[in-house]
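Data block below; observations after.
Letters are used for the chains, namely A, B, C and D, taken in the order the chains are written, and counting of residues starts over at 1 for each.
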Amino acid sequence: MERMRVRTDLALEARESFEGSETEVHGVIVEEEYDEERDIRVTRVRIESERGAKEMGKPMGRYLTLEAPGMASPDENYHREISECLASCLLELMGEPHAREVLVAGLGNRDVTPDALGPKAVSNLLITRHLIREYGKAAVGGEGVNAISGIVPGVMAQTGMETSEILQGVIDQTKPDLVIVIDALAARSTRRLSRTIQLTDTGIQPGSGVGNHRGSLTRESLGVPVIAIGMPTVVEAAAIIYDAQGSCERMPPHLNGMFVTPKNIDETVRQLSYTISEALNIAFFPRT
Amino acid sequence: MERMRVRTDLALEARESFEGSETEVHGVIVEEEYDEERDIRVTRVRIESERGAKEMGKPMGRYLTLEAPGMASPDENYHREISECLASCLLELMGEPHAREVLVAGLGNRDVTPDALGPKAVSNLLITRHLIREYGKAAVGGEGVNAISGIVPGVMAQTGMETSEILQGVIDQTKPDLVIVIDALAARSTRRLSRTIQLTDTGIQPGSGVGNHRGSLTRESLGVPVIAIGMPTVVEAAAIIYDAQGSCERMPPHLNGMFVTPKNIDETVRQLSYTISEALNIAFFPRT
Amino acid sequence: MERMRVRTDLALEARESFEGSETEVHGVIVEEEYDEERDIRVTRVRIESERGAKEMGKPMGRYLTLEAPGMASPDENYHREISECLASCLLELMGEPHAREVLVAGLGNRDVTPDALGPKAVSNLLITRHLIREYGKAAVGGEGVNAISGIVPGVMAQTGMETSEILQGVIDQTKPDLVIVIDALAARSTRRLSRTIQLTDTGIQPGSGVGNHRGSLTRESLGVPVIAIGMPTVVEAAAIIYDAQGSCERMPPHLNGMFVTPKNIDETVRQLSYTISEALNIAFFPRT
Amino acid sequence: MERMRVRTDLALEARESFEGSETEVHGVIVEEEYDEERDIRVTRVRIESERGAKEMGKPMGRYLTLEAPGMASPDENYHREISECLASCLLELMGEPHAREVLVAGLGNRDVTPDALGPKAVSNLLITRHLIREYGKAAVGGEGVNAISGIVPGVMAQTGMETSEILQGVIDQTKPDLVIVIDALAARSTRRLSRTIQLTDTGIQPGSGVGNHRGSLTRESLGVPVIAIGMPTVVEAAAIIYDAQGSCERMPPHLNGMFVTPKNIDETVRQLSYTISEALNIAFFPRT
């Protein structure tokens, strides 16, 4: 039985396709937390069994999703609150705090607006690795300071290389404790666009993302923990047909390769990439 | 009887909604010309009566549509051929050749990818008006040389002014013989995207274009002949639902304000804006 | 006697060329105010006589210059303070407060980094004219609200038109009470770069600015008060030769058309254009 | 005896500082070839001894410099000729032709106009490595086809990593036969700007380039042959003082960190990066 024929990168949406069914999905634990004042909802999905992973179509691990309807608004103060909430989610996934060497990779094509989220986010990060190596930890902020490096590897059509090859090479040379990858995602519903951010400790799977990465970027493949931060910026055109008619039977073939995006996607990607980079800056450099 | 509930800026698509009906639309003349070798189709629609205008939902006048499936490909030589064909269409609409003062306006928002077609096209034009005024016609190319000026007026959210106010002011000051406006359009079908260019001597109507211009830009409103060149770069999301199920009854409300675009829209707009500006350069500065 | 052979757009620098001379310049009044805590210096130059104007090489009128060495730093809080100080200077030049219709023009070439200051500043303005016309003053903020419109006219090489022609046309159509022009300037010394902003009620003179505007933009020429806000972003290469050797005798000819800019000019123009647009937003929309 | 106090990345300029001296520099061989019709001059400097290297301040190896005064003009046909000449120079340095795996790295900061030459050049390359790996050599162009990959590593302030670390990692993973690095250079004279391209098989030395790379990128350091292609886009401000007065004695300290560039540097970098990428495309994919 195929419950979902339309691709989604969100665990939240994968789970929704089971809604209304009588039984819970085995080995999948879901918790919701709603901050009414700020209108931010955090959903924690934990896939704990192979069976749950199979049914969800997502690997075992933890998925935190932050939903905030106001995320698409240009209110700077509200974005600061989202960044803070996102920073907490990230720290929760990272576990016990200690000084880390973190490599942040902005995936996607910087020349394709809805795919440029990751590259733009990396461009606003506080980068410290080179300063610590040059001047010492004391000069930069003390023993507890995190050493952050960043890379924008580009996409295969631009580089001729798998993103995984480039990251593996950089990891081998610089030996970070943790890799964070930021990527634009495809959602199944336009309701998710520009208002949902997903964090997961399962990394990136082949076929995910706006740009459809082919190699996996996971702890297993890269040999270092990988946290993926993703935000849906597009819906594939097929998905809205499916939504409207409950199937893709009358899907016109010329819709292949078509994206649905909000009209203001250029502005949204500019703003939300900043919100994400601020979250990382808050998580790694808390003002004590 | 509503035959079309989904907006289109193309006369070609307006007419297609009557296809299969037994009678011709009164006062609407259609001619097709197909260049097999280059795979370029030119369709001439002439709306000659008020009744035809009403049924088509388009004002009386001439509409030339150039369709070329290969337009989305990056082949430079093919684009040169499209530019030449487009130049012929433009000269056909302009009528008797003589030295003109032409103001070219690139409509739309340069910061929104699918709306940036017009601004980008103007940035590649050969601009001569200031040279002729400074050095004389002889220095620039002889008596027959055209004086070209260009403007990118921006959109109302950026300027607080109607595009028509800005153009009227500039026209009053500089008194061109002809205004050409270049604009990104909304089509009804994704099959039109990035492969169709429409030229019309009816100018721009309120509500048209990706950015939804409010004032009309026509010979009547501006007091000078206006030729509009448009290329569809988006389809409204509602339109693909309509296409798939034949109605918009189950149209989800959150699809409002959503666009369907090809994945490579950034690259396409860059290339096709150049193809359009080259067509104008060929039309105005033929290598004799 | 030629005291200055190197062009400057700053009244402050024009005056400095007289320093050390025994007599004051007749009809030129200079006042300095220094805010030690914030390290911001405001200099008011008032040229009150034709003779003073001739000696200074600047038209009669008021010139306020704000100097802040920290302006090139990326500290957001400090930039907020500069924006507030700049807003006060602007209000001082504007005179008695009342609800105004203001057209803000961002001069210069947006595709040439050091000349893009004006275009970038306009892109961050709060634009209200269209909202007031559509929804009424009450909806936007009450009777006292200012109606702001903005335009980026481009430069003559792009448009074939004088900036003055375009602005005159737009002014005739939209009838603002005040025009504010924002422009990148050429300074004589690199010490002025990215740390000096000049405001004047004399508008823009022919030959000024990075892009060398040819027509004047003044109350006399446009028929409406004009305030010019300028920031030096370049020094002509000739000027630093002059500075070093006290003359331009051994000026190599290939230095013509060469600019001196700081290495981080792209970043600086991005940031300072924002600081200027924030100043206008504060001046026109005070949080009461 | 210090003959040169102002930095240059050009072997040609290093040599010129000896001009007028009676003796040749030992172990430095210079040949000039001038194509009068196309007004392109190619100078070959070969540094063959340690003593020559020391006197020149450049490592032993071959340096080809292509000078074309028309390079700054926008004539497309002329740029094609320059690309072809540059392709020949590149093939000359590469030696015996055979199918290669080549990694092309675009050094510099894409957000700083005069430093963006390399990143922009890489964005126009024909990238084939991934196609060959996916579809085989036969599908892409036969046994002799070159496998090209490209990377834009960013600068240390953006990444926290040395460019050499990133390249070493990518080289270890993808094992190219040859690395080509493209970089914007600093010249000593504005006469070299936008009209000179240098190719060398000595790679990149610490301290070179507009962005001042710290690690060396050479055959010795990376373990694979490295060809560097560089074009001067800036002159340090100190250099023009030196040129004018023959010393830097009266060098004002505030000139540190100042660049001299032509006014049209944005346009020039756009065009010349394309000329360079076309040269690589011609060299690697000759139309037979």
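Note that contacts are C-beta pairs under 8 Å (C-beta built on N, C-alpha and C of every residue); 3 or more make two chains touch, one makes a residue touch a chain.
What you see is a predicted model; the values in this text were computed from it and never measured.
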Neighbouring chains common to chain A and chain D, by label: none
Chain separated most widely from chain B, comparing mean CA positions: D
Whole-Å separation of chain centres (CA-atom averages), chain A against chain B: 39
Cα-centroid distance, chain A relative to chain C, in whole angstrom: 43
Centroid distance [mean C-alpha coordinates] between chain C and chain B, Å: 38
For chain A, residues that touch 2 or more chains besides their own: 111
Touch-based graph of the chains, sorted into line, ring, star, complete or other: ring
Chain C - residues contacting chain B, complex: 111, 122-123, 127-131, 147-154, 156-162, 165-166, 168-174
Residues of chain B defined as touching chain A within the complex: 111-113, 189-191, 237, 240-241, 243-245, 250-252, 254-255, 257-267
